[in-house]
Amino acid sequence: MKVAVIGGTGYGGVELIRLLAHHPHAELSAVLSHTQSGKDLVEVYPHLTGIVEQTVHALDVEQLAETHDLVFLATPSGVSKDILPQLVEKGIRCIDLAGDFRLKDPQLYPQWYHHEPASDAYLQKAVYGLSEIYREEIAQAQFIANPGCYPTAALLGLIPILKAGWIDPHTVIIDAKSGVSGAGRKQSLATHFSETNENLKVYKLGVHQHIPEIEQILSNVGQQEVKITFATHLVPMTRGIMCTMYVQLNEGKTTKEIIDLYHSFYERDAFVRIRPEGVWPATKEVYGSNYCDIGLAHDQRTGRLVIVSVIDNLVKGAAGQAIQNMNIMNNWDETTGLNVLPVYP
Amino acid sequence: MKVAVIGGTGYGGVELIRLLAHHPHAELSAVLSHTQSGKDLVEVYPHLTGIVEQTVHALDVEQLAETHDLVFLATPSGVSKDILPQLVEKGIRCIDLAGDFRLKDPQLYPQWYHHEPASDAYLQKAVYGLSEIYREEIAQAQFIANPGCYPTAALLGLIPILKAGWIDPHTVIIDAKSGVSGAGRKQSLATHFSETNENLKVYKLGVHQHIPEIEQILSNVGQQEVKITFATHLVPMTRGIMCTMYVQLNEGKTTKEIIDLYHSFYERDAFVRIRPEGVWPATKEVYGSNYCDIGLAHDQRTGRLVIVSVIDNLVKGAAGQAIQNMNIMNNWDETTGLNVLPVYP
Amino acid sequence: MKVAVIGGTGYGGVELIRLLAHHPHAELSAVLSHTQSGKDLVEVYPHLTGIVEQTVHALDVEQLAETHDLVFLATPSGVSKDILPQLVEKGIRCIDLAGDFRLKDPQLYPQWYHHEPASDAYLQKAVYGLSEIYREEIAQAQFIANPGCYPTAALLGLIPILKAGWIDPHTVIIDAKSGVSGAGRKQSLATHFSETNENLKVYKLGVHQHIPEIEQILSNVGQQEVKITFATHLVPMTRGIMCTMYVQLNEGKTTKEIIDLYHSFYERDAFVRIRPEGVWPATKEVYGSNYCDIGLAHDQRTGRLVIVSVIDNLVKGAAGQAIQNMNIMNNWDETTGLNVLPVYP
Amino acid sequence: MKVAVIGGTGYGGVELIRLLAHHPHAELSAVLSHTQSGKDLVEVYPHLTGIVEQTVHALDVEQLAETHDLVFLATPSGVSKDILPQLVEKGIRCIDLAGDFRLKDPQLYPQWYHHEPASDAYLQKAVYGLSEIYREEIAQAQFIANPGCYPTAALLGLIPILKAGWIDPHTVIIDAKSGVSGAGRKQSLATHFSETNENLKVYKLGVHQHIPEIEQILSNVGQQEVKITFATHLVPMTRGIMCTMYVQLNEGKTTKEIIDLYHSFYERDAFVRIRPEGVWPATKEVYGSNYCDIGLAHDQRTGRLVIVSVIDNLVKGAAGQAIQNMNIMNNWDETTGLNVLPVYP
């Protein structure tokens, strides 16, 4: 199957290229980019020398539609909302790594994304690609809104206990920390090495665009409106997201009972790993891989549950989950091309 | 005035040496260490070449008492509880950077510190050296239990709003993140470079010895028993602590009103800086300095207050605050020797 | 084919485990370790949860010989010299990642390694596993002395021009820089995070045990005695080695001619990549992969050639090259199991 | 004395601000910047809150000349060549941290700096501010060309042995490594965190503008034309420069004799520290301070001398040396305001 990556020269795009190179059924046959078109990919990313040697092209929807079966869109926010419908109308299946189709309520876009929403029809038709939760819908979808990096880590950590009804959904606090690659390859003062190295920063506190995304899914799963407190931190490392989450338990469940619940919830999910009692996951333990690792403890002194969830933001938080979704859409084994181990240390 | 540092070859000790070198009234005349005695200090720390050249000696209480007015103890947990009383009995004033005298309830020591408590008389007599809050008691004290690094950041961030009665004291959640120097110079797998670099880890979640310390002071200030949820994270950087804190507001105060409260609370405190609305502190902004910087926002969507507090764990969280306390005890200007700027970038 | 890893809980060992998991022909059936025996591998390395779940065992030569075809030794210096002969005598093929069999002259061991040499018969029989250079000897070998990390980077950068006779072999200067994982998982002050982060250090200058290894091979290839100046630096990163090398050119070759020479020399070598003129390799461009990337420039102002060579010290500098050698020994395609892409960024 | 900083919002400028805040005789009364004028300094650098609170202004030469005695220019390359003469003509003494006045030969500017030279009269009049070497000229100067960061480290390491005539001046190889702050606050792909962290890169090899600067001074000191090989590397840390230098010894001097030579050469220089035999300096040992630390070893096997020299690029490599020069120009003690200790760890 021939696939293309639009926005292939950003970090999400180049991670797709890395993972697709391992994939037995999908062949990457076009890398498209507005800003880098005409260059050889190895000029932009010398580490691909001798591995993936292609010229980067500008997007030509007609031509793409003729030659490709599935397209990944790894474009900046606000770009895919206009491109994806054109591709879908030509019968191409699409997986959008941006946020353009994640929210059902169009009014949220001006507020949180500062741009206009995609067409409402497309917003409603979009399937949210949190693979472990919406597997059946994904299998039927023509296009996927691939989840954000923070929402992936947060939701996989929260959904089992929320669905079980063991927590008060009005008490969800998510303290989220990310490596810097989440901000992409575009330069800014915030991602300038000397400002970020040996520094820990808060950013977008209370205004991060992933807030409505998490709330939409939690409300959907919890069957009532859920509002969260969400604080985001920039950690001096390249890859990795950790969400430390605090919720009030309704009932006196032990840590063991809670861990059992999670094991049972994720028993058929190869990419979710639950740590035993007293052991916590670290971001390096999923580095470069598609795993989401979760640790849990009931803080008996306060009746709160603490959930720690880690992913590699560029893999399970972006390109890896996109490929997982492609696998589901094609009825391939979900782990195809994704069985790369974490790189440790 | 002649001062000595016991445990002078750990990171707390060497930071005392750095700061004391700037101090106009205190002369560092002895550096004592059990493990390094007999060595030249510059063998242990070559960066002190030509600046502080002394031989490290083993502790001799008699001799120390004859020649020194004030002693800093920067020894590992469980050591000062036996040494400090001997020094105090000889009339020496002491500032203990360890936790041995911070808790009033002796029963907490076996549980949280895994060693026996100091003598109860000394525990009760100890003055907790959170300079901005207990200034008057410190001025009269013969010895000081210098606060822990996390408690310093957490308490300075929480006390104003707790004291004002604007929050529900049963909702305090502290998500704490620290650079690695907080773990000292002693080697362990957890602080091994290849395990820690490009990694974000949770550790001691729910069992950190700073929990009872924070609770004791919050209960004291809030005049009711306060229990907190406290999660600690190891960040791949050397210096810096950030506490991101979540509390439920009782009343609909605006962010502006809250910021005003903090400004007013700390108006005579040179080392506490409150960020304006919408601006958050970063650890690098206090690097190498004695500042505690605080940012605040009322999350209107959930009625929670988010407080972010940062310090340099080795300065305001240890050596700097110890010197601040020495200044208070001697009725010197509180900032004496501490007006070093943050090193940025 | 069943393979075992002795010393499987060090960084070289765990990298073998990562790469062997991708290998279609070799099955890792035993992980052996003196210090960790009896533990589950996932206790030692939680990132292997659900992927490689085995109990770590102590070495039993008899049993190992009965069940395994090939053994990797990733033990500390001085251990394999006693174990490997026992295995080889039982007919097991071995690949030793330590330095115990790399040097032909036994007298060099006390001087550079501070331990006794292996038996002379074994030293002489050992085949040096620099895959690209000694492919034919490796194919016939019963056991391999896998090259050191620095020697791999240095030799692949130097051999083409030395063999061509275009440089003065008495002018070789190697400025070598390494990430910290090269020092292994064993803790020391030098690899303690707070000492190493935000720091650049020189270590073992002029006394590094890789000096005689590099000199032996250069002398062999250059057919005259070669002495080098070799300085090693510790860089605040986990993975990666860079050797910046300076040699005097005999003749006025242009950079283009030199680059052509290297292209031609390595034309059948999938893992050596030569950068075009004016482009230099960076360590991140080989991160996690088996590549050695080389950049070259004739400094016309001084008549010197500057060669920059980078590898991932744990892959091409250790586990990856060991697997490459296993492939050669078994007449499998040399890249089998090694076609993992660099992880970038 | 009133001083101003032009270009005060770059890293060189803000480091001047940090150090001037400690200075007893110089008062920073104006911070000027083209790009940030009109802003409060604490908006640009929040770490200065409560310490240095000024509005940033645009440059007005007339006004500056009326109110200031000495001006530091910390502007980007090519800016001070036009501004400095205007200030000097009005009688203001100037210290230029850029390279605009460092080279005597105007023809070198188009080649190495890619801009036009300053007026020849000014180039010839400029005094090169390598404090330890040109102290007397600096004392008399009206304006100073403050040395580059690499040249400072390289020259202080090379000059004693070159001046002694113990080395062959045609064999100088400088392998230079720098932290990222040397590239300033201006954003680029090369200084983007995700590209630089966990990476070691070569850049500007053979074309760095510091080459002619080093050669000019070495030729001047060595009294013959000296050409060097100079390779520059970007290290994933914020501050610190290390030059590892290789030169051929003329005579069989021992390491001890060489170390004695350096001790004697720098005996009256508070900021140069020579390590004992077998001990090498690390960049962290000078972090935040004005020291230049030097280690030396005669590699007996090859007859080469290896010199390792480290500085903090923003202090001794820029702002610190500028203040040292201001002190010399004013006949103040050379260490005034510069006795800040290295921040370690």
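Letters are used for the chains, namely A, B, C and D, taken in the order the chains are written, and counting of residues starts over at 1 for each.
Heads up, the rule we're going with is that contacts are C-beta pairs under 8 Å (C-beta built on N, C-alpha and C of every residue); 3 or more make two chains touch, one makes a residue touch a chain.
Heads up on the chains, UniProt names are A, B, C, D = N-acetyl-gamma-glutamyl-phosphate reductase.
Since the structure is predicted, the reported quantities are computational estimates derived from the model, not experimental observations.
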| item | value |
| --- | --- |
| Most widely separated chain from subunit B, with each centre as the mean of CA atoms | C |
| Winner on C-beta contact pairs when B-C is weighed against B-D | B-D |
| Euclidean distance of C-alpha centroids - subunit C vs subunit D, Å | 38 |
| Chain centre separation in whole Å, for subunit C relative to subunit B (CA means) | 45 |
| Centroid spacing, where centroids are CA-atom means, of subunit B and subunit D in whole angstrom | 36 |
| Overlap residues in subunit D, where contacts from two or more other chains coincide | 11, 179, 181, 185, 194-195, 197-198, 236-239, 281-282, 284, 287, 345 |
| Category of the chain touch graph - line, ring, star, complete, other | complete |
| Residue ranges of subunit C in contact with subunit B within the complex | 11, 179-181, 183, 185, 187-189, 191-198, 236-238 |
| Residues of subunit B that touch subunit A when the two form their complex | 173, 175, 177, 179, 194-195, 197-203, 205-206, 227-229, 231, 233, 235-240, 242, 244, 246, 280-284, 287, 295, 297, 299, 301-302, 304, 306, 308, 310, 345 |
| Touching residues (chain side subunit B, partner subunit D) in the complex | 11, 14, 18, 21-22, 45-51, 181, 185, 197-198, 238-239, 270, 273, 275, 279, 281-282, 284-289, 293, 339-345 |
